[in-house]
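There are two complexes below, and they share chain A, which is joined by chain B in the first and by chain C in the second.
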Partner chain A sequence: MFTLKVADAKLLKDMITSISILVDEATFKIDPDGIKLRAMDPSRVAMIDFEWPKTMFEEYSASEPTKMCINISELLKLLKRTSKDEIVELNLDEKTAKLQLKITGKYQRSFTMPTLEATEEEVPTPKVTFNVKAKATTQGLSQAIEDAQLVSDHVKIEADPEKLVLNASGDLMGATITLQKGSDTLLDLETKEPAKATFSLSYLAEIIKAASATSDIATLEFSSDMPIKLDFQQTKEGKLTFYLAPRIETE
Partner chain B sequence: MGVDLRDLVPKTIIRLEDLSGKSIAIDAYNALYQFLAIIRQPDGTPLKDSTGRVTSHLSGLLYRTSNLVEMGIKPIYVFDGTPPALKEVEIKRRMKAKEEALVRYERAVKEGKIEEARVYAQATSHLKDYMAEDSKRLLDLMGIPWVQAPSEGEAQAAHIARRRDADYCASQDYDSLLFGAPKLVRNVTISGRRKLPSRNIFIEVVPEVVELDAVLKTCEITYEQLIDVGILIGTDFNPDGIKGLGPKTALKLIKEHGNLDKAIPYVKNAEFPVEHPRIREIFLNPKVIDNYKIEWKEPDVEGVVDFICRQRDFSEDRVRKAIEKMQKGTEKLRGKTTLEKWFG
Partner chain C sequence: MGPSYGQADKRSRNVWLLDVLKNSNLEPNENLTFSEPSRSGLCVVCKGSKLLCGKTRCPILVKVNYFLKSVPLLQTEDIDGSSPPSVFIGRIGYPNVYAGPLVPPIREDTALYDLPERWFGKSIDDIVAFRSMLVRGKHRVHVQNFQEAGKIIEKTRELALATNSVDVELILKKKPRGHLLLDDEVQPFGPSAPIRELYVGNARWDHHIEKAYTDTDLKATPAVHELYTKGVLVTKIQRAFSVGAFGIEKNRKFVPTRWSITAVDSILSKDLMEKVKTYPEINEYKVYESRYLGNLFEVIMIPSMWSYEAIEAWYPGTVWNPSGRNVVMFGDSEGYEGRTTYAEIGGCYYAARLAVCELLMKERRQATVIVLREAHPGYIMPVGVWQVRENVRNAMRQKPYLFNTLDEVLKFIGSKFQIPLQKWIMRSELLKNALFQKKITDFFAKPPLNA
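Take a look at the complex of A and B:
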């Protein structure tokens, strides 16, 4: 038996939205002390690592460890019917393999949806030694990514001890965006050695946009031609981290 | 026709885009037959050039392949060689079916029944040697690798995937699984909107992935047992299987008795065209080669145009656009990595 209750539907909706940008179906690991998800998108370029301790919820109970696989886009459709401050309750009935979603606000409604067969695949953590650690506002990052998207579909991120530079070059146009250490956008920057790596802008844009709803501050970690780790600091407890594989330019 | 495992295998619906960056060993004859069957005029006449040579297969090969490459998929076509002697029964059966279809087609044309004519025409699809040769020539010009299998193309494709030279095998038939393909993807060469035969209904054909490990796990059997289940249901080498015995019963029998040899005494009408161990042997130890070369190259645009526009009467405009799409796909793929590279 597994149940949880959140007092603010928005929190749940935003979290599920973050997951939905990478996967259609997600297998959650449910433990007595919280809920976890680790999944890669089908093309295996990006990964989400998500944890919600039970303290996040008004009520939480999971009698024993279990797995729950659900269709994220279907769940999101239901959650989109909620408005802010409505109470959402999830109940998993393991016998019927159905998930019940109860929304209480101005009026009460209850939905049921099927759960799917859980995947056995365990997604490991990419083994990367990071040389750069940058702390930035999600709002500033979103802006920078939008700038870069005007000219290209990928961006080179370069770090030296003083600044973070985003370079985008398309077929015809180019863009250089500089984030100076200690500025309003780049709050902190630690560079063990200078690094540069190129990433897909569509992934970056979607990840940052979705995660911004739940987070104001992001920590970026990367090294040359290695995956980037984007950790979005949560207002309450909990963890929302993404990894994104680089594009490696071969000449 | 291939073994009918449909009811036994768990499958995952995917989008073609999800295969971006992956290499797929495609059963070439399987794909070419589909092109020949589907790419026809309303009355069932295949596409032809001005000299009467059929070109449906080239049209399918060019446009489908360029679609796949545009999405960042890396196709490898695997062509059948000499079929195993045991396939004779099935080949004869297919020939007979085609002859019958041809008679029906001609009758339908005479009677002016266009819909019917089309259905029978599709069933007459004949893959002639020149079509395979034309296809290989086109692939060479497009820079797409192809492998000549010594025998069954599906066996060779599975072998390539098992050696990790391809991420997936693509075929409509489930036989690939019996040949040990770790991941089979269906509906790759035909996905999209398809008309149901002789009805005015369209359905969406979507790609689906079947993983051998998942099949074995769900059915709770070993790979060897899966082959035995296949033989009971019927394969290309014993097309009729056992009369009145379906997939579910076949699976139950093999699970109950362990293997085919022990199950046979409990099977009514247990008859095989040849001794069943010989059929099993084809799947377990198929004739395959290791010295193939898989390399994707830049397309020779002028070469493609010269071949299929100048010599096979394709529209130059459309062909150039298709090749351009392909080049964009290759460009997008350049430098792409997946996280798996860092999992160690």
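Take a look at the complex of A and C:
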């Protein structure tokens, strides 16, 4: 038996939106002390690592560890019917393998949706020693990524002790975006050694856009030609982290 | 073929073409009118004899040759023959367009004339020969108000749904006149004239199509899926689609032939793609090949989730690159989630997507698919999008070349194409992705080797 209750539907909706940009079917691990999800997108280029301790919820109870696999876009369709400050309750009936979603606000409605067969796959996190750690506003990052998207579909991120530089070059046009340490966008920067790595802009843009709804501050960690880790600070003890593999041009 | 051309032929008879004809062994004919001179100016110098354009044969002479053969048969206002069946809906003046049947002055089974599914392997000459026998009757119709357009349009619709050739008497307001367009993108067809009257014999309808036609609550998209699943040929679905035979009654409308071809390819492949995405990935690299009408297709399948790209390269001297000095390449791609905008390269993108999805569907596998097309100077004139669909379908029927690595695939492709491999790679988003984009799994457990 597993139930939870969220006082503000927006919290749940934003979090599920963040998951939806990478995965369509998600297998959540449900423990007495919280729910977790670690999954890769179908092309295995990006990964989400998500944790919600039970303290995030008004009510939370899971009698024993279990797994729950659901179609994220279907769930999102239901959550889009909620408005701010409405109360959402989730109930998993393991006998019928159905998830019940109860929304209480101006009026009450209750939906049921099927759960799917859970995957047994255990996804590890990538093993990377990060040489750069940058703390930035999600709003500023979003803007910088949008700038770069005007000219290319991938971006090279370079760090030295003083600044982060985003370089995008398309067939014809180019862009250089500089984020100075201590500026309004780049709040902090620790560079153990200078590093540069290239990433897909469509992934970066989607991740940052969706995650900014849940968070104002992001911590980026990377090393040369290694995956980038984007950690979005959550209001309570929740965790929302993405990993994105680099592009490495060999010629 | 809009009004602008009509004015052109009153104004001038194209002198340079008559000149070209004088140099060939073809007899000029006064019923030929030529509305557009060569853009490059080369033809004036060449006169079909020196092949200055770089093509292997002069496309003007090929067209004129068959045109002249069919003209004597078409010297009448009364075309009495068997329509394959075939209809053509123009796009000029949309939403007020010209619609009507295509009828050859021949009474026999002409089904082949409008069934590209059976054309693969035929030469350009064969295709031009029977296509140029098709006389196009034209009648103005508003795409939405076709119900009120009268008997001619009603008969045209009936004809479009027929399963076999139908006897048709096409009475024209004047003798059909032809235009020889040098930059035309429609498959070749014969002369045209406005319709005075149209008589259509007893047509037996395809019963699947008839069922969708009479179901005025069934939306067009599911109707198209259903017919395809029942085994109705894409051409027949498209023909019925163009005369507004499907959809909720009030939404039905005529669709210009060119658009209807792409619409049907797009609707069908979109549906197949969603199914393909539920299947396991292929487990080795595959390359499928087909050559036809001066077009070489190499279709690469990469063991990965579904995504799709089509790139075409045009040699100088080919249809869409007549006077250039360099190879011109166009391409478009989509990721796992599909696309929401129209592919820049046009109808062939969707036609090839359908052909590759058909195979993946049959094998119950998904893959990243890259369709590469090299058009050689032997491709002297455009024959229509069907060439791409049937050429790629033919590739899919062949035994694929199998490889263990992408490097081996590229080496193989490089040996097949005349255009250097590097150019293909630089143009291909998906190849660049496969080569350069690392996967997160590369960084699990042991530290990755420097790539």
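Remarks
The rule we apply is simple: the second predicted complex is superposed on the first by the 251 of 251 C-alpha atoms of A that agree within 3 Å, B and C clash if a C-alpha of one lies under 4 Å from a C-alpha of the other, contacts with A are read in each partner's own complex, and residues count from 1 in each chain.
Everything below uses one rule, namely that contacts are C-beta pairs under 8 Å (C-beta built on N, C-alpha and C of every residue); 3 or more make two chains touch, one makes a residue touch a chain.
Not measured: the values here are computed from a predicted model.
With chain A as the common reference, the superposed partners chain B and chain C clash. Looking at the shared chain after the overlay, A:116 reaches neither chain B nor chain C.
In the superposed model, A:217 lies in contact with neither chain B nor chain C. By the touch criterion defined above, A:227 reaches both chain B and chain C.
Legend: residue contacts after superposition of the two complexes on their common chain; A:42 is shown touching both chain B and chain C.
Once chain A of one complex is fitted onto chain A of the other, the partner contacts of A:248 extend to both chain B and chain C.
In the superposed model, A:126 lies in contact with both chain B and chain C. Comparing which residues of chain A touch chain B with which touch chain C, the overlap comprises 40, 42-47, 124, 126-128, 226-227, 243, 245-250. On the side of chain A, the complex with chain C involves touching residues 40, 42-47, 124, 126-128, 153, 200, 202, 225-227, 243-250. Partner chain A is touched in their complex by these residues of chain B: 10, 14-15, 17-18, 20-21, 334-344. For chain A in complex with chain B, the residues that touch the partner chain are 40, 42-47, 117, 124, 126-128, 198, 226-227, 243, 245-250. Against chain A, in their complex, chain C makes its touches with residues 304-305, 307, 335-336, 429, 435-447, 450-451.
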